[in-house]
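In what follows, structures are represented as structure tokens.
Shared between the two complexes below is chain A, which has chain B as its partner in the first and chain C in the second.
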Partner chain A sequence: MSTVFLGDIDPAGRAGHEDHPPRMGFFTDTSVCIGCKACEVACKEWNAIPEDGIDFTGMSYDNTQGLGGSTWRHVAFIEQAKPLAAQVPGVQHPAGEPADLRWLMASDVCKHCTQAACLDVCPTGALFRTEFGTVVVQEDVCNGCGYCVPACPYGVIDQRKDDGRAWKCTLCYDRLGEGLEPACAKACPTESIQYGPLEELRRRATDRVEHLHRNGVTDARLYGEDPHDGVGGAGAFFLLLDEPEAYGLPPDPIVTTRDLPDMWKHVGMAAAALVALAVGAFGAGR
Partner chain B sequence: MPSLGASFGRGGATTFQQDLQNSDCIVIEGSNMAECHPVGFQWVMEAKARGATVIHVDPRFTRTSALADLHVPLRAGSDIVFLGGLINYVLSNDKYFREYVVHYTNGPAILREDFRDTEDLDGVFSGLDPDSRTYDPSTWQYEGMEVQAASGQRDQEYGDTGAGPASTAARGHAMGSGGAAIGGLQPPRDETMQHPRCVFQVLKRHFARYTPEMVQDVCGIPPQLFERVATAVTDNSGRDRTTEFVYAVGWTQHTVGVQYIRTAAILQLLLGNIGRPGGGILALRGHASIQGSTDIPTLFNLLPGYIPMPHAHKDETLDSFLDAESTDKGYWAEMRSYLVSLLKSYWGPAATPENDFCFDYLPRLTGSHSTYETVQSQIDGETKGYFLYGENPAVGSANARRQRLGLSNLDWLVVRDFSLIESATWWQNGPEIESGEMRAEDIGTEVFFLPAAAQTEKDGSFTNTQRMLQWHHQAVEPAGDARSDLWFTYHLGRLIREKLAGSDDEMDRPLLDLTWDYPTSGSQAEPVAEAVLAEINGWDAEGRPLSSYEQLHGDGSTACGCWIYCGVYAGGENQAARRKPASEQDWVANEWGWAWPANRRILYNRASADPDGRPWSERKALVWWDEDSAQWTGHDVPDFAAHTSPWHRPADGARGAEALSGIDPFVMQADGKAWLFAPAGLTDGPLPAHYEPQDSPVDNPLYAQQRSPVRLVTAPRDDNRYQPSGSEPGSDVFPYVTTTYRLTEHHTAGGMSRFLPYLAELQPAMFCEISPELAQERGVEPGGWATIVTARGAIEARVLVTRRISPITVRGRVLHQVGLPYHWGANGLSTGDAANELAHLSLDPNVHIQEVKALACDIRPGRRPRGAARDRLVADYQRRAGITERTGTEQ
Partner chain C sequence: MVPDAEFTSYYGRPVLHAPTWRAPDIPGYLFLGGLAGAGSLLAAGAAVTGRPELAQVMKVGSLGAIGLGAVGLVHDLGRPSRFANMLRVFKPTSPMSVGSWLLAGYGPAAGVAALTALTGRAKTLGAVGTAAAAVLGPGVAAYTGALVSDTAVPAWHEGYREMPFLFVGSGASAAGGLGLLAVRLAESAPARSMAVLGTCLEMGATQVMERRLGFVGTPYRSGSGGRFMTASKVLAAVGTAAALAGRRSRWMSAAAGAGFLASSACTRWGVFHAGLDSARDPAYVVRPQRERVQIGAQDDDR
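Take a look at the complex of A and B:
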């Protein structure tokens, strides 16, 4: 069991990839998302993911509801009675009374954590760290044990009911190797989903937040870009316009295997104590 | 798009989507661009990133509004008042671009003394004939001009055809690529624009009553909000800044839809925003290649390139047709070249000067044959067969029930589509089967369903929203029996010609003489699409590809399938297939695809320079006169004779393009100027005036005239009842306004999306969008079901309660609006009732378009009754509202 390091580490190198390419990831800038869901469709098309529910929710335009075994991109639609910087929404509630309104849209995806608990707990090696620093499930290795499901601090990875195996975003590993960008980023018409070397994306994201702040969008903040957060920073991070909770994201995600080394240490100590006790008992018995 | 044609000379978007990035202010109205044109919307986002103000005017707060700086909710059906208010603001605050207006528009032109405005006649213009409900536009002419109007009435006056009324026959469409004809040459002008009968002064008086208070009263827009828009638009117009308007079918699908766009055209001309970077009016077409389907038309009244379809007159020759249709000035003066070249492309060697180039082979109009009239003739048993290519009228056309009644009365029907759409199965599972009104075994229509190939399975072109042709290449062979439309049409024609071979019946000559010799390839004998493109482009007598429509001749030495597309195959190369990356050329990107006319991306771009040929400002430079080389040059292809200097003035008696002066940027117009006032070309008035929709819960506060006096209403029929409006008794039975629209996740009537699991799961069911206030008022449960009722039908929908729908205050009364996407039908993975069951047939007189963007309705909790009880519910509403066959049919 590896020790959990938080901070700006090189996950691909630590996984044994020598001379690997730079770490690649997503920067999803929700401030320019138009909620077209092209990412959802492109993802399903490229990865041949089955349809998973034709159900009307009545919750804004979100009929997908969340990430899952058969939904690897999910666009959240959040209607709020709050202003968006200087935007004039024009609506009145009730009639005659100008009301605040903003409609946030955000495309969620697997975070490809620097410290990925799903990968840590996978007993078969189906989950692995690629040379791009991303985390991928090998569908022909996964045995459906499901350990990874509760391990994910974001609730991303999930099993398909009909086959039991775990599925999630591969960051289009099969496209990356060919020099192509992931399907969702390719389909995004407004560059809300940006794909590239993580370092460059982080710089771009910082500039973007500063730009938005200068233009009065003071709600803009990054989520998952910090290598010192509870998962060592995400390979797929976001620019949000509200607290993460508003988007259904955990405010302070922590790699669920963070305490495993400690726990194993405690287990070891306890075992040693038991052994000592047993030895002592044996000795005393003599 | 006759309004753009009548205003500027060509019925296409004046600009292109990429140019949005240069705009300082973008007003999106009558369009939900982010949802319906998400890819093009990236250029709005780019403009915003560069600091532009983005304004969305729409009854609903949509995904477009979510990204806009300013959302202005208004009552559906009131846009002319809002836009007229902006015109009034511009005129009364001297915010117009005087130099532009004086030189490039007909603002200084003087009108006839006997013209009467709506101001004089309480809501109608002079020339209205109450019996025929049509306008005689002769009084709308310029002073001293020979009356030679180009709108429909002229044709009616042609003589007694004995072939039934020519009707207005949607003549407005003929303005697609050229302005209307006017007699004579230059009208008298007062360059000071002070003459009381000059267009500018008429305009001032006409729009004086469109005040901010009126805007509030009719549209429900508070004055402060209106002021913000007015300020943004005027602050961002002028020499150094430009504002662009973006619209789609939210403007067109009204009984006065053409005049909506006219209002925007007038505003943009006053502000000097046409023909300039970041300016213009971007008409967003709602469907791939819809622009193409008017350029090479699926419309009954046009030939390719907007040449009018001849009517069934006795003894009409090519010469007399051309005399009547072409102009003396501008490029329409060359109509003979365009038409003769078209006839040569149709009939090749059989078309000779001696036989008028087979002009007599062309079909003739005996009246209006628009889709809705065709359905009527199906119901009447006159139309026996019907081809549906990628069209799903059983749920996708207004008053869908009538469409099904028509389909049920055919001998045969061919449906070519990807999936078994409702128009192929209505006889089995349509609402009339459910209600027991019809039984499948009683329907005699023989239905042939022939699967269609998708665009990835065939070569071909799209002409997109900005008049740009883009080639697509076949990626895979069509699966199973699926075939391309080109394959189907070519082989159908081939088989018919084989059956007719040897016939000596004169009636068969047009078919047998057709040049129908396309090469084919592959195991399915697919016609070579590029050969069709080459024919459309045209060739000279030696068969060499032409490169410009200026090379066309009227003597039969050239052939060209569509004169405005001439040049798309220049040099024998498929110009539409060009894909030079944006990074390797400037922002105009003239080497990506090919746009008509002559690969110009911004039309009328001569107007981007001042009268002396210099850019109005460096920031907005596009084309200019280069003194050294004595020609027009710039970033785009100049939309002007290359060597006509800014100081050129035509000699007396000059004709055609020669008659245009160096300051006539609107080269297709009969007077070279853009028309603030349309002396000809439109059937419902030279200026826009607000009329209420056919069914409206409110009275028209502007004029005594409630509805457009010349809108088309159907003969009384019990399946197309209209509703009482405003203060008429029974109007309160339908107290709400509904509007129909599309979502990103589905496509039009759903044939391309409801059958696909990845799209069906994103919008899984028909729903309505209502405000929390309306939900409470009517006891409708969020997430539950509601039933929406009009005098035509009742449909059910899941309920989405959202604060994005705002109650508005109109004439002191709180008014609720109901949003209805129209994608659904009974088939596919995502199903639901069709919104078009609710719509009536009352049409715009210029283009015969239906009014589905503003209707009056009721909404009630719960699902609709099943079976015959559904019809009883509608009948009950009709009874409560006191509806008779006369209701709503008044002038």
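Take a look at the complex of A and C:
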């Protein structure tokens, strides 16, 4: 089951930050996303992220494709033959048959997990927990070992090929320190991306889901808001209108290091088995 | 419960990012680290039981293997000049950190063992080095099981219970194989036993893992991972047959040794590619998780 360990904990305090500010995060309400990609552009601009390929994918309006070393916000576009809530079905195009269409758009980002696998497995200490409870890579420490890349259960952090190091969303750590909101949230014209203290965002999100349900949008659900989920709750969580996997998100991610104590136990037993095997080999060889 | 063959994805795109690790660096290191770690045990046993030729071959072989493996590790870094940052901190939550510290202890010990054996000088220091390498060797051979399993890659993570056994078995097979290949019959009996026992452990762990993984284990049976795993099994069978039939033949024993070495390498390449394939296909991520959510929902209903 996905109800694992710890529940609601204080990641910044646990990382040794005393008298730290409240945990900050994102609530991305995809029900009001209009797919303008201002978040993608603002993120690239503020963080001086290099261009990483201009492709035509045929995936609706999504030519960005996914998060990566040089893409820290990614707007997904999903076209579905379903009516959206109380929307009048049977969209009549000038040519062709009437059809139902709903267009889901969602801006994805690093989840800044409470239990962050990337941070756990980083061997250099380049990845660290900030006083805001977010997870950031120190680019002057990262040696490009790549361990964080397959450790992330969401496929967020990645290596920048020409640079060799791992990069991801910093939740605009530099802006937060100055009391500013992250660039993507600042640029979002519909407040689909909301930034603030995580506790307040969770309250706001619960209200929003109830409001949507009352208005017939029964598909609305929160993703990543539960402190009892497999990553201890995400610092950046979402309101979605379909199953997470429709947006390219894993339906029930679990931080890989949850099983690490058991892994070490098996490593110990295997090492002992190897010693026993060697002793046996010399016993048999006499 | 068999999950539905249908699953939802975002335009079929992967959910995870596949490891950036490259061949031959990383599968090569997995192979060489296992060879070195198990080889140091064989070297110490040979030294204790008065088999100087076997001891020397395994000491030198272990040093060569770990040296070459370490070159592969540094070469695979995005910033090789920063390799020393691996020893900047010690983190038990990172098998790579633990492994770096293990190698930092094991490498010099294996070096002392090999150099003193080659030069015939500083025998006491040599014995200390040999013993230290034999103590750390099993850790070097086993920790890589946690290294690959401590990721979100389904074919690796879900096999975390068997992976260390699979890897130490493969390491023992390779180390025994090197002994059979390079040492005269008079001293190679323990190497023969180690290779055969190691192969049995490796094949047993592989069977258990594939059976338990079910659908998630598909990449071990198909694609490039599957081809390497099949090659490994064929080579292991050939090696075992030659090792058991050729006890009195130097040439048969050497051929068996080469077969064990090749089989061990194929296992590591097979595990490596199976992991890459499993990370690239969203089915291996989404289907088991969706199944888990559904079972959880059923439990809640009760």
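Observations on the model:
The working rule: the second predicted complex is superposed on the first by the 252 of 286 C-alpha atoms of A that agree within 3 Å, B and C clash if a C-alpha of one lies under 4 Å from a C-alpha of the other, contacts with A are read in each partner's own complex, and residues count from 1 in each chain.
Rule of thumb we're sticking to: contacts are C-beta pairs under 8 Å (C-beta built on N, C-alpha and C of every residue); 3 or more make two chains touch, one makes a residue touch a chain.
This structure is a prediction, so every number in the text was calculated from the model and none was measured.
Measured by the number of chain A residues touched, the leading partner among chain B and chain C is C. By the touch criterion stated above, A:Asn143 is placed in contact with chain C alone, chain B being left untouched.
Contact with chain B, but none with chain C, is seen for A:Pro189 once the two complexes are overlaid on the shared chain. Once the two complexes are laid over each other on the shared chain, residue contacts for A:Thr218 go to neither chain B nor chain C.
Judged by the touch definition given at the top, the superposed model places A:Lys44 against chain B, while chain C stays out of reach.
Looking at the shared chain after the overlay, A:His266 reaches chain C, while chain B stays out of its contact range. In the superposition on chain A, no contact is made by A:Thr206 with either chain B or chain C.
Shared contact residues on chain A (touching chain B in one structure, chain C in the other): 57. Listing the residues of chain A that touch chain C in their complex gives 1-3, 57, 59, 62, 65-66, 68, 76, 78, 117, 120-126, 141-147, 149-159, 163-166, 243, 245-253, 256-257, 259-260, 262-264, 266-275, 277-282, 284-286. Within the complex formed with chain A, the residues of chain C that make contact are 7-11, 13-21, 37-38, 41-42, 45, 49, 76-80, 82-83, 85-86, 88-89, 91-97, 100, 138-139, 141-143, 145-146, 149-153, 156-157, 160-161, 163-165, 167-168, 171-172, 176, 189-194, 197-198, 201, 275, 279, 282, 285-286, 289-290, 292-293, 295-296, 299. Those residues of chain B that touch chain A in the complex are listed here as 34-35, 38-39, 41-42, 45, 61, 63-73, 222, 225, 228, 743-745, 757-765, 767, 771-773, 782-783, 798-809, 814, 829-830.
The touching residues of chain A, when paired with chain B in their complex, are 32, 34-38, 40-41, 44-45, 50-58, 60-61, 63-64, 79, 81, 86-96, 98-99, 101-105, 189-191.
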